[in-house]
Structures are given as structure tokens and as C-alpha cells.
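Note that chain A is present in both complexes that follow, paired respectively with chain B and with chain C.
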Partner chain A sequence: MSGIGKVQDCGTKGRMDTNDSLRVASLWHSMHAISQQLSPVNGCSGIELLQADTFDLHCFQSLPGTKFFVVCEPGTPHMESLLRYIYELYTDYVLKNPFYEIEMPIRCELFDINLSQAVLSDRVALLGR
Partner chain B sequence: MIGVGKMKQYSNVLDKPLSKGKQEVSLSAFAFLFSELVQYNQTQVDNIAELERRLEDAGYAVGSRVLELLCNREKGNRRETRLLGILSFVHSTVWKVLFGKVADSLEKGTEHEDEYMISEKELLVNRFISIPKDMGTFNCGAFVAGIVKGVLDNAGFPAVVTAHFVPIEGQQRPRTTILIKFADEVSISTSLYMIYLYLEKLNLSPGLPTSIHAAQVLKREARLSQ
Partner chain C sequence: MQFFGGSEISPSPPVPTASGNNAHMMYVFNRNGVCLLYKEWNRPLHTLNPQQDHKLMFGLLFSLKSLTAKMDPTNADKGNLGVPQLPGQGCSFHSFRTNTYKLSFMETPSGIKIILVTHPKTGDLRESLKYIYGLYVEYVVKNPIYSPGSPIKSELFNTALDQYVRSIS
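Right after this comes the complex of A and B.
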């Protein structure tokens, strides 16, 4: 899984520019893979939650291995269900779109619209650092 | 087929009535299939107009079959002979069977005589599709336009059918309009049919009027009835 599909910055607290976002995404991809190897127990599926003092990072991995992660303020509730909902939006508005090429950046209007609505309606402050 | 009591046993499988089949299909399955149809056709063409044409042709095949099927199932093999009849057939029956609901609206065009419009807030086939900006006004609803064309052509009402996005004030997503422009033969045959009905009312012999005499009779009757 080498493509980085989409980074949405909905933050009110901080902003991440495109380069930073790409850096975080590729760094996260490698960390996720390493963590699967590091685990003392077999059958580890990778990092699900990273807690730092200024932010939380929740990660959701789908069956084919596509990773969705959200960076938010520490202690924000319901991030898992948000990620699952975003995955649903992905399967609907991206994968069923004939004009989307796999592994390319996502430029689907319907996906963007619904993603913004989902984030706004949750009233979450996403922190980018 | 509503079964009351035991199912009838048929000795010959050909005697069994045709079942209505499953009325519903998974939306996701259809969406993936339609997406593949569009993607496949994209590889076969050089430009957008050709892609639209191909989607229309694919829809045309569906339309002609749907007309046969529905005439048999819903209308008892009766043929529709009136323009408004076939339009409301498309707007209600065909839409209900294909998309699970009747179309949002059916309107007559204001600019031209033979133009009609079926509008939908969002076509089912377009539900998950976002058109990239560089494709301009392309609409995958060309497939649905093809279906309508297939129905109309095979019912004896040849028409040019196209699908358009219509932006609406205050709404983010545009509505879709299926524009139906009937060929000249349709308006001529419609007028002839009206004359035929009128003559029948006057108890003149049936058959399409071709003589000047018939036209004179009509004129006289019109003057007398004023």
C-alpha cells in the first residue's frame, strides 16, 4: 500500500501543511509495519492508538490493508466510530467511482462533501502537529 | 404469484408461469458493475462524446428489453399509442421497476413543441460517482438516457434523449434532467391520430384521412361547432 490518498485538515487548534502531512503519513506507514514485527505476541495487527501529551492518533486498518488514521486532541471520544464511518464513505464514494484510480490521491467531490459533514457533525477538533 | 394453499404441480416445466423474480438487487453490486462498465468503455474510446455514445448504446439495449418485459408483465401486452401515455409509462412504470421509485417530475418543454423533460434530484446510477473537473459536462446518466431512448424507439416514438446536469440555486449538487426530443414523425403521427379520433367521433369511416374531402368536413364541423 504505497499511495497516500487524502489528508484533510479540519483543525481549529493547529495546521499541518501538505509536506508535513505526507511526512507523517509515510512515517506512520513504516511505524505501523514495524510495530507488527515488534509485538511479543503473534498475530499483531499493528498500532491502533498512539497517545502523546498534546495529541492522540487513532488508526483503523481495513481487511485489504488500507489504513485510515486521525490525529486529534487527547481524550477525544468516538474516534473509532468516526474512522469506521470514514471507511464506509471510502468504500462508497471512492471505490464505486469509475474515475478513481487505486493508489492515487483521492479527488472525489462526494467523498469530500460527506467527509466534511461527518467531521463537522461530530464537532471534533482535529489537531495537526 | 400469490400462493393460496399448496403450490400447483406442473407436469410440464413450460406450463409454469414466469415468476416475477427477485424485485431487489444489491445497490453496491450494481454500483460496482456500473463502475466497471464505465471504466471499460473509457479504455475503448478517445474522447468524452464517444464515451457518452457508448453508455447510451448500452442503455438502449436495456431499454428495448425492459419495454418488452413490462408490456407483458404490467400492461397485459397492450401497446401504448399516445404520446402522453408512453411518457407517463416511462416516468412511472419503467422508473419504478428499474430504480424503485417513480421519477421526480415530468415536464413539457417551453421552448420547443416536442421536448419533454424527466427530472431527478439524483439518478441512481450517479449516486456514488463524482465527475472529475476535467471531464466538463459529462454525465454517466447517458446510460439512463439510452434506456429511455430504447423504450421510446421500440414503442414507435423515435426520439433523441440526452442527460444533463442542471445546477440549482442554493444547492450544492445539481439536479439531473433527461431531455427527450421527439422526432418529426411523432408529431405528425400524433396529429394524424387526433384527426382519426375526431373522424371516428363524427361516425365517418375509419382509416387515416388522406383526401381533401375529409379536411373540408373537418373545417365545416369546426365552423358549425363555434
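Right after this comes the complex of A and C.
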């Protein structure tokens, strides 16, 4: 899938402009594919977690190939569950929205509100189900 | 990252927590992309011939470092994507994990890159990679016959490395 749907920056220094976001996204697509080629064993589905000095990057890939990313503090727990929850929000508020065009940037208010709530509020309680 | 320091010549290895063959393969590159060492312990799937495989691995690491430096949320001043980063400049990744393997990466200030591909459930291997670098310094760099930039052919190094990697959980 091409194009970026949504970038939500919760940090202060992490801002990237749209061009950079597009470059990073396409770079990631290639990295994802190359990492599958380099796998020593069959059945590799690409990078799920990238750990760096100052941040961790979690990637969740849905069945049709849409990728969801979260950049967080190193060692933050429950990011995989958060990503799955965000995928649920995406299917409910974006894909089921009759006015949303596939592969266009996401401008669904309910999705934004629920996404912010999921990220900022008490994640542990939310994901404790 | 502390490379020098301590009174011992080489640091003692991190305590192995379990025995077994957890490692799939290992690469060592120098700053020019020359593959100094490639060791394989368990690799059922070969998609490319060795030269292409080495080049692809080096290229992947180069791009991932570039991407990590760009995506760093704590650093306001970032270079442009694709600009080669000096060793130690900018935020660098130390590992990534897929569903089938975990790749641990370390770059030294001299540009030597050590890559270890293991089972996905392996823990943090940064200390292990530092120890492997210590082995490299002892057995390869300090060998008067070895010429830098050429593939490593030291028996002692290979044996010590093999022994150590098999002991990593």
C-alpha cells in the first residue's frame, strides 16, 4: 500500500515535514522487504520492532499490508496491543466511513479523537481486556 | 558506549544463561563495506548468493542507521536522509526483530560493524557484541600478520568466537 494516512506527533522535537515523512515511509517499505530477504528461516513477515538508543519503533502490519507505527521510549510495554487497538479504531472509524477514500490522508474526526484518547489516557486499563 | 577503560585487557564475557545453538549467522564489516567475516551456524534458507547477501546486509544497515537518525524524537537537528553518518553521530539502532529472527548490531568508533542474527526471543546482546569486539581486537587486530581491510582468517579467533557464540542464550 502506498501513501501515508496519518502522522500524529506527540513529541516536541520529533516533528518531520510531509516530504520527510514520505521519504521515511518509502524507505521503511524497502527495509521491510529487504529484512524478509535476509531471513535465515522461511516465513519472515518483516520488521516488527526496531530498537535504537533513544527510541523504539513498533510496526504492525495488517493482512492487506497496511502498516501502523508507534515511536516510543525504549522499553515501553504493551505497544503491540496498542497497535492492534489502533487497527481496530482504523477499521471502525476510517474504513467503515463511507466518505473516506482509500489511500487518501485520513481526516476522520472520530478516529482522531479516539486515537488521542487511546494514546494519552491510561493505556494499561484500556488494554487490560 | 564504553569501549576503552577498565583495568583488564579484555572484559570478561557476560555470564551465559543457557546453552544451545541460538545463533543463525554473523557478519563483520569494516567502514568501507568489506565483509571481513561471515559465519553461519544455522541457516536453512539462502535467498541470494554470498556477495549479494553481504551487499544487501550492508545496505540495509546503512539505510536503517540513516532512518533512525532522522526519526530520532529527541534530537532537533537532523541531517538529510541518505547522508552518510559518521560512526557515533546521531542516534543509531542496536537491534531489530522480526517474527523469525532478531538482528543485533554494533558499530565501533573505527567503523567496524558487528552483526549477529539470532532467535527472535533473544535478549539484549549489546554486551555480547562488545565482548566479540574484544575478541576481534585481541586475536585479529593485534596479529602482526593480519592486514586491515582483508577477510579474517585467524583460527584462534574463529575458535574463540564459535565457543562464545554457542554459549549465548
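Quick note on the criterion: the second predicted complex is superposed on the first by the 118 of 129 C-alpha atoms of A that agree within 3 Å, B and C clash if a C-alpha of one lies under 4 Å from a C-alpha of the other, contacts with A are read in each partner's own complex, and residues count from 1 in each chain.
One rule holds in what follows: contacts are C-beta pairs under 8 Å (C-beta built on N, C-alpha and C of every residue); 3 or more make two chains touch, one makes a residue touch a chain.
Since the model is a prediction, treat every value here as computed from it, not as a measurement.
Participant: Should the pairing of chain B and chain C on chain A count as a clash or a fit in the superposition?
Facilitator: Fit: chain B and chain C sit side by side once superposed on chain A.
Participant: Going by the contact rule set out at the top, does A:V71 touch chain B (first), chain C (second), both, or neither?
Facilitator: A:V71: touches chain C, not chain B.
Participant: Check whether A:L120 is in contact with chain B, with chain C, with both or with neither, and answer first, second, both or neither.
Facilitator: neither
Participant: Among the partners chain B and chain C, which is in contact with a greater number of residues of chain A?
Facilitator: Ranking chain B and chain C by residues of chain A touched puts C first.
Participant: Look at A:I34 in the shared chain and tell me whether it touches chain B only, chain C only, both, or neither; answer first, second, both or neither.
Facilitator: second
Participant: Touch test for A:D20: chain B only (first), chain C only (second), both, or neither?
Facilitator: Once the two structures are laid over each other on A, A:D20 reaches chain C alone.
Participant: Pick one for A:R107: touches chain B only (first), chain C only (second), both, or neither.
Facilitator: first
Participant: Quick one: classify A:E48 as touching chain B (first), chain C (second), both or neither.
Facilitator: The answer is second: A:E48 touches chain C but not chain B.
Participant: Quote the smallest CA-to-CA distance from chain B to chain C in the superposed model, rounded to whole Å.
Facilitator: The answer for the closest chain B-chain C C-alpha pair is 30 Å.
Participant: Using the superposition described at the top, list the residues of chain A that contact chain B and also contact chain C.
Facilitator: The answer is that chain A has no such residue.
Participant: Applying the document's contact rule, which stretches of chain B touch chain A when the two form their complex?
Facilitator: Result: residues 28, 31-32, 34-39, 42, 128-132, 135, 140, 172 of chain B touch chain A.
Participant: Within the complex, which stretch of chain C touches chain A?
Facilitator: Those residues of chain C that touch chain A are 24-25, 42-45, 47-48, 53, 56-57, 59-60, 63-64, 66-68, 70-76, 81, 91-101, 103, 117.
Participant: Which positions of chain A touch chain C when the two form their complex?
Facilitator: 11, 13-14, 16, 20, 23-24, 27-28, 30-31, 34-55, 57, 71
Participant: Looking at the complex, which residues from chain A come into contact with chain B?
Facilitator: 92-93, 95-99, 107-111, 113
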